[in-house]
Structures are given as C-alpha cells and as structure tokens.
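Mind having a look at this structure? Questions to follow.
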Amino acid sequence: MTEWLLDGLLVFALLVTAGAALFSHNLFRAVVVFIAFGLLMAVAWVRLQAPDIALAEAAIGAGLTGVLLLDAVSHLGGIRPGDRNRGGRE
Amino acid sequence: MMAGWVRTLITTLLCLTLSGALAASIWAIAGNPTPVDLPRLLSENMDRSGVAHPVTAVLLNFRSYDTLLEIGVLVIAGIAGISMAKTASLEDPELRTSDTLLYALQRWFVPLMLVLAGYLLWAGAERPGGAFQAGAVVAATGVLMRLGGIPMDFLRPGLLLRLGLGLGFSVFLVVAVASAIGGEAFLAYPPGLTKALIVVIESVLTLSIAMVLLALFVSAPVNDAEDPEEGGPA
Amino acid sequence: MTLWLMAGLLFTPLAWAVLTLLTDFRWGRWVTSFGILVQVLVSLGLWLTIARDGGFYYGLGGWDAPLGIELRVDGLAVTFVLLTAVVASACGWHAGVYIDPDKAWHRYFWPLFWFLWSGLNAVWLGGDLFNLYVGLELISLSAVGLVALGGKAAALRASLRYLLAALLGSLAYLLGVALLYGQFGSLSIAGVATLLADNPAPAGSGLALALMVTGLSLKTALFPLHQWLPPAHGIAKSPVSALLSALVVKASFYIAARLWLEFGATIGSFAAAQLVGLLGSAAVVWGSWLAFRQQQLKQVVAYSSVAQIGYLFLLFPLTYSVSEAVSLQAQQGITLQVISHGLAKAAMFLAAGNLILSVGSGRIEALAGVSRFLPFSLFSFGLAGVSLMSLPPTGGFTAKWLLLQASLGSGQWWWVAVLLAGGLLSAAYVFRIYRASFLERPETDRFYHPPRSLEVIPLILALLSLGLGLASEQVLSVMALPFEEAGAP
Amino acid sequence: MTASLLYALAGAVLFGMGLYGLLRLPHLLRKLLAFNIMGSGVFLVMVGLPQHRGGADPIPQALVLTGIVVAIAATALAVVLMRRYYHLSGMTTLEEPSPEQRPGGRR
C-alpha cells in the first residue's frame, strides 16, 4: 500500500512539475522546476528498476541539461533572473 | 488567420484527445501478452556477450550499431556547436567567477567527481553504470572547472578538440572493421577479446562524450561569423 | 565480398566524417573526392550484386533479428543507395567549388555532409524500428547543422524551426515504436510484420502506426505540416538545399512507406489511406500554387518540393486493399517518382544556385537577360523542369503514367485529376521563371560567370532524370519485387 | 494494474502536455523544455509498458539510454542555435519580422 502511495505521489509530482515548467510565468523559475522534474524522473527510473537510466537521467537529464538551460536563460532572458516576463504565456 | 484563443482551444483539444487515445491504447496493449519474449532470449545469450550487466551487453554488443550511430549524433551536435563558437578561443573570461565558495567546492569536488566517473566506467560491466553516465559526470566536472575559472586551453576549436571529438568514434569504428577482418561480421567481437574490447570502447567513449558535452556547453557563447545570404548583399 | 561492400556503405561515410573533421575545407575537398569515389564504386557494386543474386538480410555483430539489429538489403534499398551516391556526389562536387573555402567555419561542412550520407545509408538499409530512429536523428541533426552553418538570423530561424519540427516528428515516431514494442516484444520490422500476419489486428497498434506515419509525414513535410520546409530549403546554400530536397525528405517517406506496406494491410484502414492521399493531393495543388506566387527563385523550387512530395503519398490509397498487380504498379510509380524528383530537384537547386551566383540576387526579376549569357544553367533548370512537369520521355512522365494506371486499375479515378492538375501547375511555375529569364535587357553581359564545372553538374543530373524515363524498365527490373521479401539468406 | 503501467500512463499525459507546450508556447526555451518533457513521456511509455508484464526488461532500458543521449545532443544543439539567433536578431521566438514577405503562407 505504501508503495502505491509513493508511486502515486511521484507521478503526481512529475505531472505538477512538468506543468509548472511549461506554464510558470517566470522563465528562470521554469528552468529550475524543470531540473526538479529531471530529479523526480531519476527517482521514477529507480522505481521502474532501471538504475542505469536513473544514473544517466540524474547526470545528463537534470545535471547537464539544467546547467545548459540555466546558462541560456541568463543570456536569453536578461542577466538577472526574474526581471523578464516575456518568457511566460502571452 | 485564426484568433489566438481558437488555436489554443484546438491545440488543447488535440493534446487531450491524443493523451486519452494513448492511455487507452496503452491500457489495451497491457492486457495482452507479447508474442516474443525478448528478455528471455537476452538472458539466454548473456554468457556470449562478454559482460555481466545486461544493459551494457545490449548497448555495446547486441545493439552496438545503435550506439555507434548515437555517438555519431553526439559528434554532429558537437560539430554544429563549435562551428558557431568564437573562432579564436572558447575561453570566456567573463564567465569566470571569483566566488570563494565555488573555488572551495571545486577543490573538493573535481577529484571526487573524477573518481566517481572512473568508478561508473569500471562498474559498467557488472553493475549499473557505464560510458554515458561516466562521460556525463566528467563533463559536469569540466563545467564546474570552467565556472571556477580553470583555464582549459584544449577547448580551443583547434585540432586537439576535433581530435578529441572524433577519438571515441574512430576507436569504435576501427574495432568494428578490425573485428570483421578476423571474424565473420561487423561489430562481432572475436571471442575471448569481447570484454577487453568493450572496456576499451567504453573508456574512449567516456572521453569523447565528455568532450562533446563540454564543447557544446562552452561553445554556447557565439561569435559574429556569418555568411552573406546567397544573392544577398555581400 | 558482400561483407566488404556492406562495410563500404555503412562505415566509410562515418570514417570520412572523422577524417574530414581533422582537415580544413581545401584538404577536406580532396579527402572527400576520394571518399565519393569509394562510395560510388561500393554502391554500384552492391547494386550489381543484388541484381545478380537477389536481396538478403544482414545481422550486425553476428546477432540475428529479434536480439540484434538486422539490415535489409533488397533491390529497393540498393536502388536508393545508388540514387544517394549519385546525388550526394554531385552535391559534394558542386559544394567543393561553390562554397567559399576561406571562411573558417566551412571546414565543418564536410563532416556534416558525410554524417548525412551515412545516416541516409543507414535508413535505406535499416530493418530495425529503433535503429531507424537513430538514423533519422543522424540525418536531421546534420541537416540542421548544414542549414545553420555560418547563417544569419533568417537562416537560424529556419534551422531552429526545422530542428523543432524534426524533433517532434521523431518523438511521435519513437512513441509508435514504444507502443509496437510493448505490443509485440520485437523491434524488427520483418518480425513484427510476420506476427501481424498471424494475429488479427490487435487493439492499440492502430494508434502506433498512426503516430509513426504522422511523425514521418511531418519530417517529409506533407501538407499541412509543410511550413518548416520552404524557409529551410530556400535559405540553405544551394548544394545543401539540393541534398535536403532530393534525399533527406525521402528518407522519412521511405520509412513511412515501408511501414505502411508491411503493416498497413492489417492495421490500416480505408479511411486513413484516403485521408493521406487527400492530403498529398492538397499538397500537389497548394504547393504548386504557392510556388507560382513566390518572388525568390529558390523559394519557387522549395515550394515545388512540397508539391512533388505530395505525389508520393498517393502510395497509401493506391496500395490499400487493391489487387497485387495494381499495388505493384503504384509502388513502381512512386519509386520512379522518388528517383526522378531526386535527380531533377537536385539539378534544379544546383542550377538555381549558379543563376543566383551569376545575377547576384535571389529574386526572379533579376534573372532578366540571363538567358543570353548563361544558357547552360538555364538549360539544366529547364530540363529538370520538364521532368517535374512529367512530359515524356522523362522519368517523371513514366512515374505518373504508372500512377495513372494504378488509379484506374484500383477504381480510384479521382487521383487522375490530381496527376493532371499537378503537371499543368508545375508547367506554370517553371515557365514563369523561363519568361523572366528571356526578358531582354539592353545591357551587355553584366553577369558573373561561374566555373564551368559548376554548370556541368546540374546538367548531368538533369540529363539523368530525363534518361530515367527511357531506362525505367531496367531500373524497375532490378527492384524486381519492390518492398517485398527478396529471399532471406 | 502495476506500478509500471501507472508510469506508462503518466508518460502518455506528459506526452500530451509537452505537445501542447511545443505547439503553443512562443518562447524558444519553453519549446525546448516542452520537447524534453515529451521525450521523458515517451521514455516512460517505452520502459513502463513492457515491464508491466515481465519485470525489468533491459532492452527498452538500453534504448532509453540511447534516447536520452540523442535528446541531450539535440537540446544542446538547439541551445547553441538559439543563443546565436538571439545574438543576431535579439529575438527569442520564431515569429517572422515581416509577415508580408510570405504570400499566402499560413502560420
């Protein structure tokens, strides 16, 4: 039962973070949430008995992609995070 | 031209329908057994694969052609990335931080992460881990070093960088062709040498993967190199 | 022997990609011309082998189908391999003269070119669903890199659009692969087809096929998913445009066609087949009309690709629940259409590049008077146009003739209207360019004259496309039974 | 119903969400996030669906590893292109600066 609870919560958190990464008004926050999404994915892979993918997701998906995107946000969206609202929905 | 909200509505409906249909299909498929039991076939052939970890066996033996092409994709991204980089040097002094915390972190982290990468690479044959994970960790170390301002002269888009980009790929290719000279098919490792060859390939792949990812990270700042459009003002 | 031919096809492009990565543009040109020679010989050799012995399956790494990756080497695959060798060597040769060797970033042209070539070969020969995905990504990313190489803002916008469209298409395809693997537990196309023939169409796989075909149509730029194509093909350098229009879009179509012919009979439906055919017809009409309306020469050629791609999708309705003979006719017609459009469109883009180089502008009006001083390039452009208009004796004509017969034979006469309208509309846009170039200008020769080799290459391609109509018997006979099992080893 | 199937169904939802984002969000970085979310959805279906029946299946796991590397390559390339595009045009969306240049071109 607790396992089901854990899986249910994890899936719920995945969907919420994915939604937040897409629709949050602040682009910087969106990327941070996306990194959190990547880490949650890594946990999901552990639950799916795929430790290889979990390692890769943590290192590549959350780590490198995150750094790459954060770096891009600071250049594309003005240097200071938060002072640019154009990144959200129209 | 449709109004914005109409298009949003249509797209929303489309995505909802697709997700629903997808979920229904997954549900329907999940009810039937598969006619082919590939995992069993895999475990029957594991002892001929040279490694003990099934995922590594699939990646570097049974489906090694996928991996070869996949490294090609990575190298392409690296090439396209450095083709847009500052031509003189990929070093960007602006990016260096004089953050003492970062500096302290890095003194501890860099060796630690390199050790971790080495472990991942070595573990790949028996346990979860392998070239991709190790390469990503090495690349992350490089990103950290770069943010900390350690000069990385080898990242100029010179011959050395290009050699590094191509190295893992070339070794893989050479093994593929060499195995054909001795054996009966491409990418068919000669028996007895399988494990050694896989380890060699994984090691150079780690290096190349790290190099490509790092080059892509570092080359993101752009140069002013541009061509006039065909027929446009020169 | 066959082993080495296969090696030549799969591994020399990859090896040459690495070699040219280490050289600059001028050295890369020499290395490339040697590589082109090897590729042409190997492709020709494999084609002759298949013509003599028939097709076979080739398990890479010594592992056979469900576990390993199997390549499918049949008449159709080697025909496309040969087409790739012809078109890509022409484009490579042209690019070696056309592209400015002094720009530092052009050294990256050759590795991308070779990676593109290896991706194409991997797709023609691929028999494994996931391996085809990797091959597609290899093609897409190198094509995007080629479009973006040294480009300005507009080129980057076009390449970003292209990249996003291509990635979306690949993901849809991959999702279909995931569903099929979940359903059958196998990734080999032939294996899944056998399993499908035994089982009645199981629930859930219809969506898989729909996702895969939709994703691949997006990558092939089927109307109304074509909007990424004209900017990307129009703004790339001419040899790159030629590669993209002649070969790259065909790769995703080839996979879609293979999937349809293997799985369509069991999990397809009449409505789906008609829908795809309808979209293809819309592409023919709408693409030709837009081509007629463009102001830029290369945009005309790019929109003409949208129209010509539309014909290919007539394969779907013309092979669904029809007699064996009609289906074969349709397959042969489509194959000829792929080949003749590949040759003609490459010739057209290369000739357009020469014309733009000479008049110094990409606009159609700027062509006025060019006919007196650059007859060669204009002639190649026109010859290729004749094939697009499908006048006899070109390959385009034979292709449409076969399609016409297949439409009538299957009772789906409504496609005949599309075939006729498409020919007339393409005549309209080709003649529009001719008219512009025959307008007299009082001045004397004010044009830059490109090197002769630049003018010869499109002429050769255009002549080949013309000659294809005369040699179509031979070409089709090698494919004996296209898309069919050509005898397992 | 097993946990694997739950993750596969979540993958279906993620695919739909990502598709919406890729089609409708104007900012290029958002499109890239959406692409990555879509990719994660596909990978979850790829591993979750076959594992619903027989426990851990190393083959889709290996495929997903390959897929992740391809996705990071595409993402990194897209970031480089975007930054250069921004550098040259100051834009972060794909909108055309002058729509009248594309007669009849539906967007």
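Order of writing sets the labels: A, B, C and D. Residues in every chain begin at 1.
Basically, a contact is a pair of C-beta atoms (placed from the backbone, for glycine too) under 8 Å apart; a residue touches a chain by one contact, two chains touch by 3 or more.
Worth saying up front: this structure is predicted, and the values here are computed from it rather than measured.
Chains making contact with subunit B as well as with subunit C: D. With centres taken as mean Cα positions, subunit D sits 13 Å from subunit A.
If you average the CA atoms of subunit C and of subunit D, the two centres end up 26 Å from each other.
Look at where the CA atoms of subunit A average out and do the same for subunit C: the two points lie 38 Å apart. Averaged C-alpha coordinates give centres for subunit A and subunit B that are 20 Å from one another. Within subunit B, the positions touching two or more other chains are listed as 22, 26, 29-30, 34, 37-38, 42, 55, 63, 66, 70, 73, 76-77, 80, 84, 132, 213, 216-217, 220-221, 226.
Subunit C has residues 130, 134, 137, 141, 144-145, 148, 152, 175, 179, 182, 185 in contact with two or more other chains. The multi-chain contact residues of subunit D, meaning those touching 2 or more other chains, are 8, 13, 15, 17, 19-20, 28, 45, 49-50, 52, 56, 59, 61-63, 65-66, 68-70, 72-74, 76-77, 79, 81-84, 88, 107. Here the chains touching each other pair up as A-B, A-D, B-C, B-D, C-D. Those residues of subunit D lying in contact with subunit B across their complex are 5, 8-9, 12-13, 15-17, 19-20, 23-24, 45, 49-50, 52-54, 56-59, 61-63, 65-66, 68-70, 72-74, 76-77, 79-81, 83-84, 87-88, 107. Touching subunit A in their complex are the following residues of subunit B: 4, 55, 120, 128-130, 132-133, 136-137, 139-140, 143, 213, 216-217, 220-221.
Residues of subunit A touching subunit D in their complex: 3-4, 7-8, 11, 14-15, 18-19, 21-22, 27, 30-31, 34, 37, 41, 44-45, 47-50, 52-53, 56-57, 60-61, 64-65, 68-69, 72-73, 75-77, 86-90.
Remark: subunit B residues 1, 7-8, 11-12, 14-16, 18-19, 22-23, 26-27, 29-30, 33-34, 37-39, 42, 54-55, 57-59, 63, 66-67, 70, 73-74, 76-77, 80-81, 84, 132, 209, 212-213, 216-217, 219-222, 226 touch subunit D in the complex. Residues of subunit C touching subunit D in their complex: 130, 133-134, 137, 141, 144-145, 148, 152-153, 156-157, 159-161, 163-164, 167-168, 171, 174-175, 177-179, 181-182, 185, 187, 224, 227, 230, 289-290, 293-295.
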